[in-house]
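Below, subunit A partners subunit B and then partners subunit C, in two separate complexes.
Showing the complex of A and B:
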């Protein structure tokens, strides 16, 4: 599962590879490499070269037409001193905090509920994925309509209780920030599926042992199931924070970072820099996004001791 | 167990059960309702959308759908989306099945490094590569073409294909390959006639995930195309809602056209999609 399980596989594979490659196998090595060529080509063209370009040109002044001119940390200093960056950073911190606690918490709660296999659990598991299946662009539109003050469903519902309620969710401060948060807060289907998968793979003798030792339902959850889902929960936190770093459509198609800079985030700044032909600045923002991702990965890995085996 | 404690136990248990079902109902509603509301609203006229947002449509009138398709070119956009998403998916399956096969079935120096690199691509936010890919596509002379999007979408499927197809190939017993090689079958033939057919579940799963991702993609479609002839549905939707924000019925009809195919595809293949998401954490 992601890098987490990726690295785990990696170590296992390394052990495997220490075995000597025998003569018959050696015969097929050239073919095996040949089969990798197309994948390697895609990797080079669409990942490695772009990433290297991004890192290098983030230290240059570049409009995409003339040759890049080295200008040291100018792009970074400009990027960090923009007022929209500070607001983006504040938003990112707040959203990451909400994602790691409430959002992941809700996804985990749903997983534990579905694990009890109540009537209809399969149907709920099935439909929960739908908002994730719908294009994030279309989902942004749906939310824009649902939160619309005139015909939106949300305000119509609130007006059943308080008839004078009037809020333009995506266009008024401080509601816009809340509205953007609500577009993802409860949609934790991926978390639910990952955690549920881990719960279902807990060996049944562990449940039996807990029951024999007199653990009640809640104790079993707290002391056995929850710790055993450590990887899944850690991975969920990484996934949900990295999605907050990369969130674009939900903002670009609703508030566009407004009102003012209330819902500004880094991808919005990045795209604006590209459309302004300020490629150096755009790539400085991109490097910052990489670093935030790596930082998230590192810190969650440490906190959840994800490199230590569970069983 | 005395009577009172028994009652308390039952109450507590039914309290938990109630809580359980309230959460489940909530999840069900927030997942189904937005889509249902969009589809229902596409059958109502403007005044009904404004005055009675909860009501069911009085009749099923498909005129707004026909209008969106005929007058606003959604037919063409649908075909564009379909062609781009399918071609990218099929080419991805060919490229990555070869790569995953090689990594799953053979031992050679550097294979772990390749696997790690290919799967780590998942951690690169797509937006960060926007400028280099924009420049690459421009320098290839492909800007504003379907081919540009096909190329970019092929690159998106790398990590998920590697995750899913590698496991799929690994689950095929090695003895099959050994027997075939001893019989003198060529490398390509063993891959094409023996392993590929046996890995069809993995191929199908990664194909579905990639198709859904391609079908839904908005950002690169926006960045790399400008003319309506090559526009895909998510992008068309964004343009449409900007231009026709006064005609609610048609807006909802356009939204329905964009979201329904993906949802139908998911409903048909939900077992595979769920299993894939549970084991990879990627939604395609």
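Showing the complex of A and C:
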């Protein structure tokens, strides 16, 4: 349905599917388009044109200076045949699995605890948000110091129990993968806020009815609150997995994809291709990331039946 | 009224979008100001000489030209220049090219670099100081594409003479004798950033192989993509041995600052590095020293086998094509200033090196004696010393700046044999080809 002004009273419904506007209202149409022009311009300049350019140039041999030359699927074949691609894909699958389960699970758990409004819950909610307002780059540097073998906080703590402990977390296999995972695993404040918002909007009648029917607290969580937070949890999983697909700073500022290719991911391949001025290959990687994002959206939508109404 | 409002909204809306995506212009009040992003600033060791030099230039041309240095991390400097070139927003002066393939195939091929030949012809005092080899390398199709070097600055190593006591100059030893002399002392290596100190020592190991120097020298013109030859495998075998037995404890993940800190806290006895580091050993740098370290404990030498790392066949300062006339004048004035005898001598006193075509002043010779490390370095280089280009200069950019350092941990922990390491480098290098 066309909805230029966003309010239905500007329209008069004639017949079943036909919408018309009267003469006076027609005078306002140019205003509507005038308001839309900045948004459309931004969308075209910063979203649509770059996306189309990325897709188009992913089928070309392009160094960024000379005219792109069509080379079919060569960039995609080179991208898929890199050994670092397979490692990146494996890492992405593992990180996505961890994100969808442990990361989102932890965020949801915190939301359910905060929903009980224990003493000091507002302070906890505020503190829990702090890592989200620190830039990813700064967080990566903090973790680099925290995981340092010689003077890092983590190893210093472990050495209280095991004095001979020596692990260079970001630079040794298989610890580098774990260290990278730990840089984001417990920071689920956005998830907590989304789920907490949904929890707070559950009508109190449902809780009252459950209480009258003799439901325990755990049963209320399992049969009322969790199902009613389905959208929020699904959205959190989408956000969490797409963040893993686009994860760059946490890796670039710590392991740079190493040791070897242990912590490689698609954005690192993309940036490396740019460094070598191979924009065709870089854009093939970008298109792959874009498609992975769409696939994530589709599959989580299906799994969580996000198009079906909850209430 | 409504029509006016409509037009106003339209203009404001579209203008806000256009302004947001546009660029600012610098107001010209007669003073030409060049904003130069550079890594030789802040805590970077190169800033110790470069920033005061810029200030001297600004004072000399007060009211006419002014250079403002915008601090960049050294690690990302060349990548940043590539991106700025892509956006057509290069600064007026850029030092080095990092990736010669990019510079030659994109910048030079697209005529995006200022020809310095007319300027050099008009400034014979500058031209006569230039090293012949450097001038011929920088001359492409009759154009001089970057300022050729006048100064040769061979890179060797520094050692703590209270921790190790070489019985004769290190240059006269083999690598094996050098390592035996170290006993339990360590070398400050790195695996992070571009693994600079490791890169230097690896170059010395390659150079020590029969035919190694020639191979590296050829690599300056034709980048090396194949690392599976016997020179590479043997040098990598030696590197693995050195890293496993003589690397400082913080080598894994060490950036340059970590390596320097290891040396200046007596946790390692040797650091491979260039003469620009002597500033860190001079009075006034005590805040960088700890654990009983002192600058007077440091001696300088070339690598075992009498090798030093130097490459005058490279690109130095260059200017992008198409600068406004005033900016070009200012940029050229800065190049001329840097090439003045007084500035070259000042540079040598702080960062070492020699300008073979410059007759040194009396004052310079007296002041040079005040820095024994620079004298060490100057005297250890003799006619027998063989100069080799750096490993990082003869391989593709992403190999030098990223992959080499990333693969080192696997060489250290034995996951990769030297052969596997070389094969992996070869495979990574092949992926960089367009």
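The rule we apply is simple: the second predicted complex is superposed on the first by the 287 of 311 C-alpha atoms of A that agree within 3 Å, B and C clash if a C-alpha of one lies under 4 Å from a C-alpha of the other, contacts with A are read in each partner's own complex, and residues count from 1 in each chain.
The rule is simple: a residue touches a chain if its C-beta (ideal position, glycine included) is under 8 Å from a C-beta of that chain, and two chains touch if they have at least 3 such contacts.
Values in this document were obtained by computation on a predicted structure and should not be read as measured data.
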item: First (subunit B), second (subunit C), both or neither touched by A:63; value: second
item: First, second, both or neither for A:38, with subunit B first and subunit C second; value: both
item: Contacts of A:260 with subunit B and subunit C, given as first, second, both or neither; value: second
item: Partner, of subunit C and subunit B, that touches more residues belonging to subunit A; value: B
item: Subunit B versus subunit C as contact partner of A:286, first or second or both or neither; value: first
item: Which of subunit B and subunit C A:51 touches, first, second, both or neither; value: first
item: Touching partner for A:74 - first (subunit B), second (subunit C), both, neither; value: neither
item: A:129 touches, of subunit B and subunit C: first, second, both or neither?; value: first
item: Which of subunit B and subunit C A:153 touches, first, second, both or neither; value: first
item: Partner chain(s) touched by A:172 [first = subunit B, second = subunit C, both, neither]; value: second
item: Those residues of subunit A which subunit B touches in one complex and subunit C touches in the other; value: 31, 35, 38, 42, 45, 64, 150
item: Parts of subunit A lying in touch with subunit B, wherever the complex brings them together; value: 1-3, 6-7, 9-10, 13-14, 16-17, 19, 21, 24-25, 28-29, 31-33, 35-36, 38-40, 42-43, 45-47, 49-51, 53-54, 57, 64, 109-110, 113-114, 116, 118, 120-121, 123-139, 141-146, 150-153, 156, 186-187, 189-190, 193-194, 196-197, 235-236, 239, 242, 245-246, 248-249, 253, 267, 270-271, 274, 279, 282-283, 286-287, 289-290, 293-294, 297
item: Residue ranges of subunit A touching subunit C (in the complex, touch as defined); value: 27, 30-31, 34-35, 37-38, 41-42, 45, 61, 63-66, 78, 82-83, 148-150, 168, 170-173, 255-261, 272, 275-278
item: Of all residues in subunit B, those that touch subunit A in their complex; value: 17, 20-21, 23-24, 26-28, 30-35, 37-38, 41, 49-50, 53-54, 94-96, 98-99, 101-103, 105-109, 111-112, 114-136, 151-152, 154-155, 158, 181, 187-188, 191, 212, 215-219, 223, 233-235, 237-238, 241, 248, 251-252, 255, 258-259, 262-263, 266-267, 270, 273-274, 277-283
item: In the complex with subunit A, residue positions of subunit C that touch it; value: 2, 6, 9-10, 13-14, 16-17, 21, 79, 82, 86, 99, 102, 105-106, 110, 191-192, 249-250, 252-253, 396-398, 401-402, 405-410, 413, 415-416, 424, 427, 431-432, 434
